[in-house]
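To keep things simple, chains are lettered A, B, C and D as they appear, and every chain counts its residues starting from 1.
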Amino acid sequence: MIVVMKIGAKQEAIARVIETAEEIGFSAHIIEGKERVVVGLVGVDGQRDKMITMGEMDGVDKIIPISKPYKLSSREVKNEPTIVDCCGVLFGGEHIPVIAGPCSVESEEQTIKTAEFVKAAGASMLRGGAFKPRTSPYAFQGLAEEGLKILAKAREVTGLPVVTEVTNPKYVDMVYKYADMFQVGARNIQNFALLTELGKTDKPVLLKRGMSTTIEEFLTASEYILCEGNKNVILCERGLRTFETATRNTLDISAVPVIKAKSHLPIMIDPSHAAGHWQYVGPLSKAAVAIGADGLIIEVHPNPEKAWSDGAQSLTPTQFIELMGSLRSIALAVGRTI
Amino acid sequence: MIVVMKIGAKQEAIARVIETAEEIGFSAHIIEGKERVVVGLVGVDGQRDKMITMGEMDGVDKIIPISKPYKLSSREVKNEPTIVDCCGVLFGGEHIPVIAGPCSVESEEQTIKTAEFVKAAGASMLRGGAFKPRTSPYAFQGLAEEGLKILAKAREVTGLPVVTEVTNPKYVDMVYKYADMFQVGARNIQNFALLTELGKTDKPVLLKRGMSTTIEEFLTASEYILCEGNKNVILCERGLRTFETATRNTLDISAVPVIKAKSHLPIMIDPSHAAGHWQYVGPLSKAAVAIGADGLIIEVHPNPEKAWSDGAQSLTPTQFIELMGSLRSIALAVGRTI
Amino acid sequence: MIVVMKIGAKQEAIARVIETAEEIGFSAHIIEGKERVVVGLVGVDGQRDKMITMGEMDGVDKIIPISKPYKLSSREVKNEPTIVDCCGVLFGGEHIPVIAGPCSVESEEQTIKTAEFVKAAGASMLRGGAFKPRTSPYAFQGLAEEGLKILAKAREVTGLPVVTEVTNPKYVDMVYKYADMFQVGARNIQNFALLTELGKTDKPVLLKRGMSTTIEEFLTASEYILCEGNKNVILCERGLRTFETATRNTLDISAVPVIKAKSHLPIMIDPSHAAGHWQYVGPLSKAAVAIGADGLIIEVHPNPEKAWSDGAQSLTPTQFIELMGSLRSIALAVGRTI
Amino acid sequence: MIVVMKIGAKQEAIARVIETAEEIGFSAHIIEGKERVVVGLVGVDGQRDKMITMGEMDGVDKIIPISKPYKLSSREVKNEPTIVDCCGVLFGGEHIPVIAGPCSVESEEQTIKTAEFVKAAGASMLRGGAFKPRTSPYAFQGLAEEGLKILAKAREVTGLPVVTEVTNPKYVDMVYKYADMFQVGARNIQNFALLTELGKTDKPVLLKRGMSTTIEEFLTASEYILCEGNKNVILCERGLRTFETATRNTLDISAVPVIKAKSHLPIMIDPSHAAGHWQYVGPLSKAAVAIGADGLIIEVHPNPEKAWSDGAQSLTPTQFIELMGSLRSIALAVGRTI
């Protein structure tokens, strides 16, 4: 940690900083600048809270933490990319898997029909929500276990592995029984009880970035899963909350190269929730493939106008088939397959 | 709902919008403007999802929902202010209760000492965290049930009612046993499983706004509690995430008059988490009282430099006593007491 | 405009709204909903300010403007894409021009050397700043007219048309003399005196979106140029200010399809200012080409480590050549050329 | 400056950083941490651009600048508060001046009438816009010099000094002739040509923070004025752009104590532009006085429903008189006068 003293800070203030630091267990290195003194502190882990408090001491301008709050997800700790395997579908390699399906599981017919369509179009996995975290309690909340059974049935019929959201730690076991991959939604990125529970399982976790989560916090949230022993984490960018309202969220496409530089975990893109309007889903998907995303998760509904949720951002099967064709050319252009 | 057609939208497109609306159950009113046609739809509840999808139809520029996603918390439904009673401490009336105490419960001695101090200074309730949702899994996570017991002990000694955070639906019963009020932290504002569980209890809930939650979403989140039957919700503004880093969060002080205009629920301010630095806590508290907040929740620690969490933003007991004095004058100036 | 009344608004309040609207010149259409009354107003232009004030009347919940604040830039007014021609370089067509060059013009040698490099690599135009709007008055502010002369010299040598920033209305004539295209920087997006002055010239204007400008405001700003008679406006997205600090700004890549849906003007991407770090410039450029951007403007410096400004985000000539190769494949995959 | 090396950075990378730093003129101090090496650089001014580029070197994780980009506005350079005198009205002392008046100067009658009212209510200065920077070119743009003359007339009649906005460097001389204080609007906070011009005059400048300007950038922008020799700068917070739409902008009330901690310049609040709705102007004004603001600037219009701009956020004279009464009590409670 670096303690930046104010210009003209008194010798006693500097001495008191050093004394406090040494009490905690640091050794202090003084750098006398032209304007001000800077104190470098070396030597202790896990005292971040106490260190931060030093920023409030007399004569201190600010403190700057140097070590990162995440470790296991960091490229400094593990430099080769992690490839996550979900029933043979690989995330983080040359192939770019596309997960597709309806926002909500509404019925067996709707789900299986969509699953067959997206499989035919080249999707690698099926998505579908059985537990829906909705902003309003008056909106459709999902079919719960009945929905999970339908997803399992759709897998049986099509062979596509299945990912679905879990929102409550107490349902982790139930979802485990039916699904091949857990999804943590943007609203639960800091639901640490849930993350910890998922860290104790052995199935892959698709972890969506919250809409006001920094990349550093995103990687730190993934540590809750990794440090429990589950190494199968796939990150997913789905848009930030900004002042812009033309799209539902502002897709932070830069997160792809940034996360690839800082972490070894695969990073995918959810263009549907970012866009909020189906006509922007295709363009965002193309950008995602070009920039190097390790996967896509796209909402597809046989009849978006009748969808029980997120119809506005769902593609029809025909639109999805067309899009997959375009994505294949771009994947080829960047040396990958889809 | 209002459907805004594009300039020059074809008659068929307008007809198709009306047909779709009537299928859902709406009656349609056409308004022919100078530039474009606008269709007003009247008559159905609970079809928000399908309505939103109409925004994607041919010839439609955009759709504008008219009804609000929240009802029970709205002033349009209940116009007189709600007063929430927690063991005799009233939120929403003329008196402005101050809740004070440490960020985390660290030990019996620290907690009781702080409780006695803040009581002497005029605080109405004690705060203290037993379950701490921390950004990093490597940070102190709280003493859990042991912490709850210490809080109950502090209440016994001082008579101050106790509020503490609950983060996992499965601990609601446990926290209920020890605490007088539940706190839902900013990170859990859309943890709907937790909110629903709290809605089934009869103890007051202090609901903190998330750092990227709009006021409309905040009020809608409160509906998850209200619609289960628990009417004792106290809202709390604690700062938004913005680009500004001089403070930990950007306190949205305007939320106080805005929420008072839109809702009957009491609204308090948490200056400590907004500020992130103890020297700004006093000024923000003064602004909160002047603008009409119905309560304050302030972090106080007997020795902030040694605090296990949030030391940088905690007041010493002496600072807290001084602050309470200043707040009393301002409360008087606006016709209230503290 | 739509006036939404509060639930339970009194008849007199509704009558007063209608009276006020008719005074301004509107005709009013009442829609009685299940919950509340909505009044649609039809018939007047240019009274937006007075209309907005109606939102504050008794019994009014809110007002919703329907007509857009921009007209000439709108696709509703002109549906076919505008192609802007700068000395034969076309923006908005099948070909995607790349503008490249140093952040600042530092010397004749640096500028001409860079120009020759980027031309050889396939750039269509040269960029370089002579007037640099810098956050700090103590930073390098540009060579001014001397810089413009160097740019003109570089054009003479390489044949590349030249774009450069203008920051003060009084220098519009001077810049006109030397440059082929004006650039308006993000900080000047609402410098209306400057925009109006540029609207009176006949040279193309590269208009950068401000870091907190909505797309609606961006298109409305372009009206200041268009309504003076200069139709040669090229829009440029260069990143928004958000809470994320891993990149200098958050590139709003969705702005490309959104602007293409709402406007006929060409829209390009500046990956350098969005990224702030050279290693992210390549990935963002690829995403831009894939999503359908009509051009790129990229900072290239013969020796970024010695650059007088923006060295961190500048590519070396070698990196630029490599990037152009990758971009060509992606352009091909989306049916365009570069 | 601090250069943070990556974990496991090679000796050669460290050596190259030191070499580069020494070339620029720094002396380097190595701190070997448990995890990584940190290099402290001491000794040069004005090389910020080159320093930032060092963040891109091999083996470097990031660089952290230590010295602040502002100097003359800093409390580290001048610790006693600056009091700005405008014709005898003092900003930054015990008294809190209130500036009031219409958004736009519409006519002599409207302006003088408002001036007389606000003077009677206790305002210290008159505001009124003659040059209006409007988002849309189709909105009212102000009366220009005619408006300035009306303002001068109003001063003559009432004795109130006058502040008005200037948006174009070329009108600085004209505005100087009529007004007692210049206002720089939020949109022009980084219009450096304008700031530099104002720095050469001797009249006070009311500098409004931009809606996406950090406090550090705000203070740095003030340097453009200060470093030209004009020390009479009054800062003004007027709201940030965030995702919240219930208010026009999100007032960053914390900016008051933060700026008081970092700068000696007076800081005032503009509650009208922050709120956007007249009913929130009063509450925000109260908060501003309680938190320690050095002034207020409030929009007042004799007939807001007929105002040519900003009617929705303007107080009537009666509302203004009432508000002044409340503000006096709060000022008293915090030991000041109004």
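We take it that a contact is a pair of C-beta atoms (placed from the backbone, for glycine too) under 8 Å apart; a residue touches a chain by one contact, two chains touch by 3 or more.
Just so it is clear, the structure is predicted and the values come from calculations on it, not from any experiment.
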{"item": "Winner on C-beta contact pairs when B-C is weighed against B-D", "value": "B-D"}
{"item": "Chain whose Cα centroid lies at the greatest distance from that of subunit D", "value": "A"}
{"item": "Cα-centroid distance, subunit C relative to subunit D, in whole angstrom", "value": "26"}
{"item": "Centroid spacing, where centroids are CA-atom means, of subunit B and subunit C in whole angstrom", "value": "38"}
{"item": "Centre distance in Å when subunit B and subunit D are each reduced to the mean of their C-alpha atoms", "value": "30"}
{"item": "Residues of subunit C whose C-beta touches two or more other chains", "value": "212, 241-243, 279"}
{"item": "For the subunit C and subunit D complex, residues of the former touching the latter", "value": "20, 46, 48-50, 52-57, 69-71, 133-140, 167-170, 187-188, 190-193, 196, 210-212, 217, 220-221, 223-224, 227, 241, 277-279, 304-312"}
{"item": "List of subunit A residues in touch with subunit C within their complex", "value": "212, 214-216, 240, 242-247, 250-258, 261-262, 274-275, 279-280, 283-284, 286-292, 326, 329-330, 332-334"}
{"item": "Residues of subunit C that touch subunit B when the two form their complex", "value": "2, 4, 6-8, 29, 31-36, 38, 40, 42-43, 45, 61, 64, 66-67, 76-77, 241-243"}
